[in-house]
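Letters A, B, C, D and E mark the chains in the order given here, with residues in each chain numbered from 1 onward.
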Amino acid sequence: MIEARNVGRLFGDKRVLRGVDLDVPRGGFALVTGPNGAGKTTLLRMCAGLALPSEGELRVDVTRERIGFLAHDPLVYRELTALENLDLYGKLYRVLERKERVGMLLERFGLWEARHERVGAYSRGMTQRLALCRVLLHDPALLVLDEPYTALDAQGADLLDEQLDELHGDRTFLVSTHDPERVERFATTRLVLA
Amino acid sequence: MRRAHRIPLPALAVAALVLVVAALVLVFFVAPNDADQGFSQRIFYFHVSIAFTSYLCFGAGAWKALRHLWKRDPHADLESYVAVHQGVIFGSLVLLTGSIWAKISWGHWWLWSENQLVLFLVLFLFYAAYFMLRFSVDPGPQRANLSAVYALFGVVLVPVSFMAIRLAQHFIHPVVFTRHGAAFGGWILVAYLVSQAAIIVLAYTLYRVELAGKLLAARVRELRLA
Amino acid sequence: MNYLADVRALARKDLLLELRARDTLPSMLLFVVAVFVVFHFALPAGSSDRAASGLLWVAIVFTALLGLGRAFVPEREQRVLDALVLAPCDRSAIWLAKSIATFAFLGAAEVVALPVFALFFHGLSWSTVAGVALADVGICTVGTFVGATAVVTRARELLLPLLFLPLAIPLVIGGVGASVVDAPGRYLAFLGLYDVLFALLCWAAFEYVVVE
Amino acid sequence: MNYLADVRALARKDLLLELRARDTLPSMLLFVVAVFVVFHFALPAGSSDRAASGLLWVAIVFTALLGLGRAFVPEREQRVLDALVLAPCDRSAIWLAKSIATFAFLGAAEVVALPVFALFFHGLSWSTVAGVALADVGICTVGTFVGATAVVTRARELLLPLLFLPLAIPLVIGGVGASVVDAPGRYLAFLGLYDVLFALLCWAAFEYVVVE
Amino acid sequence: MIEARNVGRLFGDKRVLRGVDLDVPRGGFALVTGPNGAGKTTLLRMCAGLALPSEGELRVDVTRERIGFLAHDPLVYRELTALENLDLYGKLYRVLERKERVGMLLERFGLWEARHERVGAYSRGMTQRLALCRVLLHDPALLVLDEPYTALDAQGADLLDEQLDELHGDRTFLVSTHDPERVERFATTRLVLA
């Protein structure tokens, strides 16, 4: 699914990644770790198609609409409600049974009661939950998750575990984290950036 | 392979030098004095050639931009930028020579009533903004894309602005080929053509020099970062 | 059809955002009113029609510029543009939807401004209205494009007018022409040509602005 | 003295932010020239002096609105205003520093624009320059205040334009008056009075705007 | 140092906190936990002086300049460099030996090399480190830290542990977290919001 050969990335004159090799087969689960500033986010953005490598070759074998990308920012409009945000993405991704799925996800992530509130008024954890809803909404084949456990409480983290449990094996995962124990049991590939 | 049968840079430089000298000789010693403007009219040979050349540079920049967007030609971004840069340099020279000429023959450095001048100013402003744009993005694929897109906008803007100026229905000044009709022949024509050739070759030489420098700098940077 | 559905969903979102936050339209209205106040004092009574319609065009271009400066603010604040770019819709739909929303705001501002103008200064000819409508299309298509560009750069705010004004000058010329001459056909045709040309260009090039 | 040091540190930060986007001054020059080119095409050659000074005021109002619209963007983007409010400095220093910075940018733009204007259109009378300077003070003090209000009120609502419109129009009237009438004294005095009054008001009230 | 009696807070018609009682003595360490949306951030903002309680009484016995507040957002200017940001805050807080302290903190949090870069180009963990520098810069007597471990790698978290070790006992702390084990050993007071 993902094949990186000697990938490097520069920002201006600054080298952020060098010689990264990565192979994630369909259904694999790649765990990316490394200290702050190692380039995890940069690598994930490239795999999601938001940036290009400066060197090397990167192949991601999946069309854009089958990718779900969880970034550091929640990527939702602060002035819209949760419902309006998910509805918009549902339309753009042409999700079948859109309204039903939106309702189901909001309920699953405990946001149903708050669905009519401005996202700007959400707490950080609620925003992260909404971002997860956004990512799962169109049932992607490749999930690129950048520190997905951030800001989640214990129950939220368990929820995410369940989701991973359910999807893992079937979908391909590329996950970065500072707490590798949490997802260690899923991992089929490990990449440590330095 | 496209680069293989390029004219070597030294040969170009020599050709540019020879042509410029020839043009200077023709313009100042051979071509006849203009009937109503006298000696100052000789600036025309350069003014017009430079204006034409700057349009050529903008066109070349747009062509390279298209190659970048379309073929992802790896050098095209730099080539496009250098071409536009030359265009802006020659554009400044148009403003300069034009202003000098205007001061001599009209007594003003600048006339807002001359729409042709204002049009050129508009284009000049646009390309100046192109530079601002390019320098406010970090080097990388994004900068290459944005530069290319605006280089294309520039060449679309040129004819559109021309049309707009025509529509503005004011007196439009550079109508040499009709106004001077009969007088435009003989040594005047030769002097003009040679100056035009000289300026074009000069521009191409400068383009190649700047490009070589930029490529070298890029190579050095690559080696340093490797 | 999917394309149109995308455009609709995206444009609806922009209208909703404006309804929620009311960031753009009020400042456009403020500016238009201020311009008319200024000219109410500055233009001697009985100024030529030509001067008055010139003023109208100045007001339109700068009001549009104010609106365009805010067009992509919601996308920039939370980098939402990344998510839109990842969505499977054609990228040009993002541009088209934003243009339509901007057009709606500009149109709304003009619905207020034009009658005020007609009242204070000088009647309105149908050709002026047609010219304004055509020029609005050009302003919004090109302006949105430039606005998206300005978002991804660091100099952002200042870059927008710098890139936009030279591109808008043909529109001003065409618009003023359409409102002052007796046979505005050629000017209107020119505006239409401009719209088509630049809309196509923007449509084709937008992808390169938002992705690397 | 600590108060002044705070104001200095805060204003310096704004200037730094502005200069970060490198070529601010050249782009300002380009911007001014572009604006005049638009005016050139909009207004017939040889329009009256009064029309020309009307244009000048339109340009100033526009630049001011553009500047004010972005004055608090850096603070809003990351909610930095919270940190400033927590800092031990007097809150009014935040307002004063921002006003000074906005004034500096507006002033810099005008230092470029006024000579260009004088050159291209029409000499400058001292009363115009005085009117511009006085109006700038009012625009920046009141505008900054309103801008801060807009940042902190969560649902930014209609506050900015609703407040700013009635507050800014008197300045526009006074300024235009000062540059078109023969005896501008009364207008200038009015502008001065406005400045003092509203500066005091803003200075005293700012604290209540930024903290609950 | 902090004394809350029956504190409540409403946003519009929405009740976020109700009947919170909290006593943190000088030198105490209060640990605030609770699920996403429980109101931890709201409480911390009130204690830092950024919001007022709608009901009840809240007394915080320390002047504004002795508070250090770490929010969800880093509260630094993205377009300035780390150095410029810290210098600004150092001036506003009238920090003695400002430049030296700034240098010391940047080095301690591993940002020295990146001190001249725009904060906007920092990775998330680097930004969090900078936010910590900002909070510690003026050596506050009351530290209000909202999920301070977020985004930090293992080494960054250890650094923060060290800081807490060093300051704890001497300074007063009010810390919210989703990972209470990490700071359990410091805690003198525990508040669980629901």
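Here are a few things to note about the model shown:
Going forward, a contact is a pair of C-beta atoms (placed from the backbone, for glycine too) under 8 Å apart; a residue touches a chain by one contact, two chains touch by 3 or more.
These figures come from a predicted structure and were not determined experimentally.
Using mean Cα coordinates as chain centres, the one most removed from subunit E is B. Looking at contact counts per chain pair, the maximum sits at C-D.
Comparing the CA-atom centres of all chains against that of subunit D, the greatest distance is found for A.
Look at where the CA atoms of subunit C average out and do the same for subunit D: the two points lie 24 Å apart.
Mean C-alpha positions place subunit B and subunit C at a centre distance of 32 Å. Centre-to-centre, using mean CA coordinates, subunit C is 45 Å away from subunit E. Rounded to whole angstrom, the centroid-to-centroid distance between subunit A and subunit C, based on C-alpha atoms, equals 36 Å. Looking at subunit D, residues 20-23, 27, 30, 34, 37, 41, 77, 155 sit in touch with two or more other chains.
Within subunit E, residues 79 each touch two or more of the remaining chains. Multi-chain contact residues of subunit B (touching two or more other chains) are listed as 122, 125, 128-129, 132, 136, 140-141, 168. Of all the residues in subunit A, the ones that touch subunit C in their complex are 48-52, 63-65, 67, 69, 71, 73-80, 84, 88-89, 91-94, 118, 134. Interface residues of subunit D facing subunit C in the complex, by the touch rule stated above, are 20-24, 27-28, 30-31, 34-35, 37-39, 41-44, 47-48, 50-51, 53-55, 57-58, 61-62, 65-66, 69-70, 77, 155-158, 160-162, 164-165, 168-169, 172-173, 176-177, 180. The part of subunit B that touches subunit A in the complex is made up of residues 138-141, 221, 225. Taken together, the subunit B residues at the contact with subunit C in this complex read 69, 122-123, 125-126, 128-129, 132-133, 136-137, 140-142, 145-146, 148-150, 152-153, 156-157, 160-161, 163-165, 167-168. Touching subunit E in their complex are the following residues of subunit A: 11, 34-38, 40-41, 72, 110, 114, 121-126, 128-129, 147, 150-157, 178.
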